[in-house]
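Per-chain numbering from 1; labels A, B, C and D assigned in written order.
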């Protein structure tokens, strides 16, 4: 179920890489921004205590905005140098961690679920919280909308086109700045959605960005950098591997299996399952 | 007034001086050929016009100084460039590639008309509407590149080495297309190593060698020029 | 040159000329190996060297301790630089190399024999760093650009996650804290760290200035051309990784005998790799001495100025730390110390 | 590296070598002080001046550490009002150890070498404690551990080289071997109250839970009718607890004892509460000790329990408890969380006063010359603190220098209070529910059971 949320994260990460060639290591930090924005807006102990749905929408908007600011305020000045960008974004993530600690403290918080309660699925012998279902449905709606946008509209298609060939996009009169800005906005919104759900289903801490980022990393590389379809497939594959490694190897090996699969994929298929050699320059 | 005019255009890549003061002008409706050996600076010149490299000197298009115009605006203003690498969208279908060419146009019905025009011009593309660009042959890709450029509703087309690496049969198809486009009044700036091809289509030509304009004249003058004949035409 | 700069270099240039004889003496002796200096640069290099060597006689306890730590991190930053900075293949996995050495030391003592002498554990640990280095380098250097960085990043994550999984041997999250420190005496300890650092600095500078360094830089600039010249670039990339593993191992051993133990957060976590990169970038990549300066600058700032002097809380400290690194990344891409170096060159020789 | 140094550094800690090294250190230590004087930080020569300096070590960015720092300050203020320690003014120097040994080592060295503290109090994370313990032992500064409960700290050190580590003590909490025994007593109590028989043990895969994983199952099953039906370890990276809770459910557990110290605790709790898993949630949850945990979990922590020394500051464990909590609230009530001292606060407060009393008995704080006198005084002391009675095990016991457990007449460990989040209108409130003697309310089972 949560794999759909991971797919959201991975898609945002992969789109930014596809369009601008930027490995945005601050992507995880955006997830954290989403979760903390929601916390600040909806926490019953906080000042605003907005209804969860309103808080959700605002948190997503704030994260999208933060993502845009990150691009326009920082990345657009340095994106010509991959190494500098790579480093700068990871430094932004570390910086945000400290800022969040100063503002919210280092202790974990739990978010108000958008809906509460749960159902037991006797067939599989597990319980599912309604909020998990909401996360699943909302994530898939978001992915579906994105799919429609990038395949059926000129504006969206320009994003895909730019990720295939920047020069080609320029030759067809695509405004790269607009495309990149839009991509960062979308990736930010997706990170915001993911942030609220991960913060609800897991916990909201200043360190929460690392694991989703690592997962996004793994998913994107396995799925193929730049491929949205690859991200969705790999997200489910990773979700399965995570569960499998807990069951087969024991919980202390959580994540190890996916990392090993990742290393293998990188070595055998450096471009991932749906990876295609990018046509950058 | 000339459609496109270059005045003393220089391009430097670091220490190398790739274009050393080129001046030429292209008139509305003509096919203008630029010939010269590999590495002479033809592509650099087209890149400068398209706004992909920095240059010194002046380039005007329809009287507008292009220095201040972004490369995507140049395309939207009707000066469209088909690069030597073609720069197609490899995982888009033929149809999607063509749609991308028209992505900035709002007039749906005109776009539909242009689609039909391109499919009519290159029936091979019509047969392969859903095929991914990456999986097509070189000739088909070249057709697609020209087709995509046409979808941007150009007044002027810049073609860089449209025949490079293509079989003679395909070259004929492209020749036919170029002739038809000229009939419809499109201005074309054609850069070619294949001088025979360039001489067949262009009304006026220049010869560029090592970044300098060596010769300018009509196709007749080029035909009669001994140096050109020996160095370039005889080969093909 | 602007007139202000002109005026400044009238002064500095004269200063430079009066120092030139000293520098010339140095240049005659060593210039061929490490490059020529002008008078101001000579003062910078030897002034810093003198300051570093005499620190315990004028510094406070906190400063000397920070410099002790900085010496170890300087080794890491320089080792990272000879590989990533020079070849352009950015490794995010260097903390695994130092971690391998440190863990080898600790695990030998913890699991094999607590009485093992350092004469055994130190070489074995450095060898372990080399082996792990090759283990990472051989498969991953087939990949290029961001893919290489990604897989080294993943290597860190794998090692970090495996350590708790084998907690019987590795001590898990807590690590192993039973390693003997060199000494508790703060002054002697300082020299235990500074001397190996200077040796590594000289050795790496020497290599970087040799033909090998030239080839490594060429790989960064244009790998195809290197191959075209008949040089096997892959071989040199692997060589540079191996070359960097050895000082990483030395640094790892120093660090484990400094802290008296290992644990995954101090030795492996990806933050550590990022910190060494930050130091190298801040100082100036592909210059060996730049990263050394970067390490001293950042650690003295973090562990001494912001703590002992400014007395800031830990998040505030790290905020300043990362904000500074970010600023340098964006505004002084070539690094502070390279900027300073070229500045001295300009002001020194400005009028001649 | 000179040969001489090498010998010193590589040597094992045999008695003779130690003496040799002490002298060497003494000499260079003096040099270090001189240089720091020269370095214009100002001279503080420790031990024999008019100020008694206490170094407090804790993760002060976390509520736990901040509560401890404030509590230690309260103890210092109290001492100063009553004439200080042996007539000296008392000064608290608090340092943030973060959670990492490196930072812990740095601040400890600063406290000892630069600030010349006369006493060290604190350390919360086992890693930090173990990272500094060799150095502290080397420097002979008395060190009272108030946070980490790892029994190895004493069994691995004092148990093997008593003389070297004799300046290190733990005044609270009771070590986790004893906590495990206390937890087994609590299991028996739950069985009496509710008839719960099946227990599940879910522990962080970390050093501090070793006792709960190794000893607790046997201890629980020692009571007739009780069985441990499910055990598992959770990696500290775990963020999805559903599989663990499902397994406990499948094993028909009536109670899950979870031992969790990292940030995932909030997620653990809310997964349990929102899914209304059919078992009670008991054990130790470090984040769950926060007085602000109700808000942090949006009330999901209702009905969960945790053991914590000091019983969350809600129960009059001794005559001192509520005075201390009141003083804390008066002083720090407006300064943000934590709004109560938390367990390490109780222990740090007690440790400072404990040492002051021992120093008074020994009539010295000069550990460099009179360490043995100080150690004897400490070991002889029977002290009543805010968290309970504090007296320490002697050199020859299983847990040398470790705080003793207290027991009821039936032999059940009694200084191991359990607190529960109980409903209070729309809000939640912490109540002490065990041991019965100290309880402020009855244990409540989740309403969905």
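To be clear about the criterion, a residue touches a chain if its C-beta (ideal position, glycine included) is under 8 Å from a C-beta of that chain, and two chains touch if they have at least 3 such contacts.
These figures come from a predicted structure and were not determined experimentally.
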*Steps needed, at minimum, to get from chain A to chain B via touching chains?*
1
*Determine which of the two chain pairs, A-D or C-D, is joined by the larger number of C-beta pairs in contact.*
C-D
_Gap in Å, rounded to a whole number, between the CA centres of chain D and chain A_ = 39
*Any idea how many Å lie between the Cα centroids of chain B and chain D?*
77
*Cα centroid separation between chain C and chain D, in whole Å?*
38
*Between chain A and chain C, what is the gap in Å from one C-alpha centre to the other?*
33
_I need the residues of chain A touching at least two other chains; which ones are they?_
101, 106, 252-255
*Check each residue of chain C and list the ones that touch at least two other chains.*
161, 164, 167, 315
_Give me the residue numbers in chain B that touch at least two other chains, ranges are fine._
none
_Applying that definition of touch, give me each pair of chains that meets it._
A-B, A-C, A-D, C-D
*Inside the complex, what are the residues of chain D that reach chain C?*
1, 5-6, 8-10, 12, 21, 24-25, 28-29, 31-32, 35-36, 38-41, 60-61, 96, 98-103, 105-106, 109-110, 113-114, 126-127, 130-131, 133-135, 138-139, 205-207, 235-237
*Inside the complex, what are the residues of chain D that reach chain A?*
61-63, 205, 232-235, 237-240, 242-244, 246, 250, 263-267, 269-271, 274-277, 287, 290, 292, 295-300, 337
_Could you list, by residue number, the parts of chain A that touch chain D in their complex?_
2, 43-45, 101, 105-113, 116-118, 125-127, 129, 131, 201-205, 207, 211, 243, 246-247, 250-255
*asked:* With touch defined as at the start, can you tell me which chain A residues reach chain C in the complex?
replied: 23, 74, 77-78, 81-84, 86-88, 90-92, 94-95, 98-99, 101-102, 106, 214, 217-218, 221, 225, 252-256, 259-260, 262-263, 266-267, 270
*What residues on chain A touch chain B, complex-wise?*
154-155, 157-158, 160-161, 164-165, 167-176, 276, 279
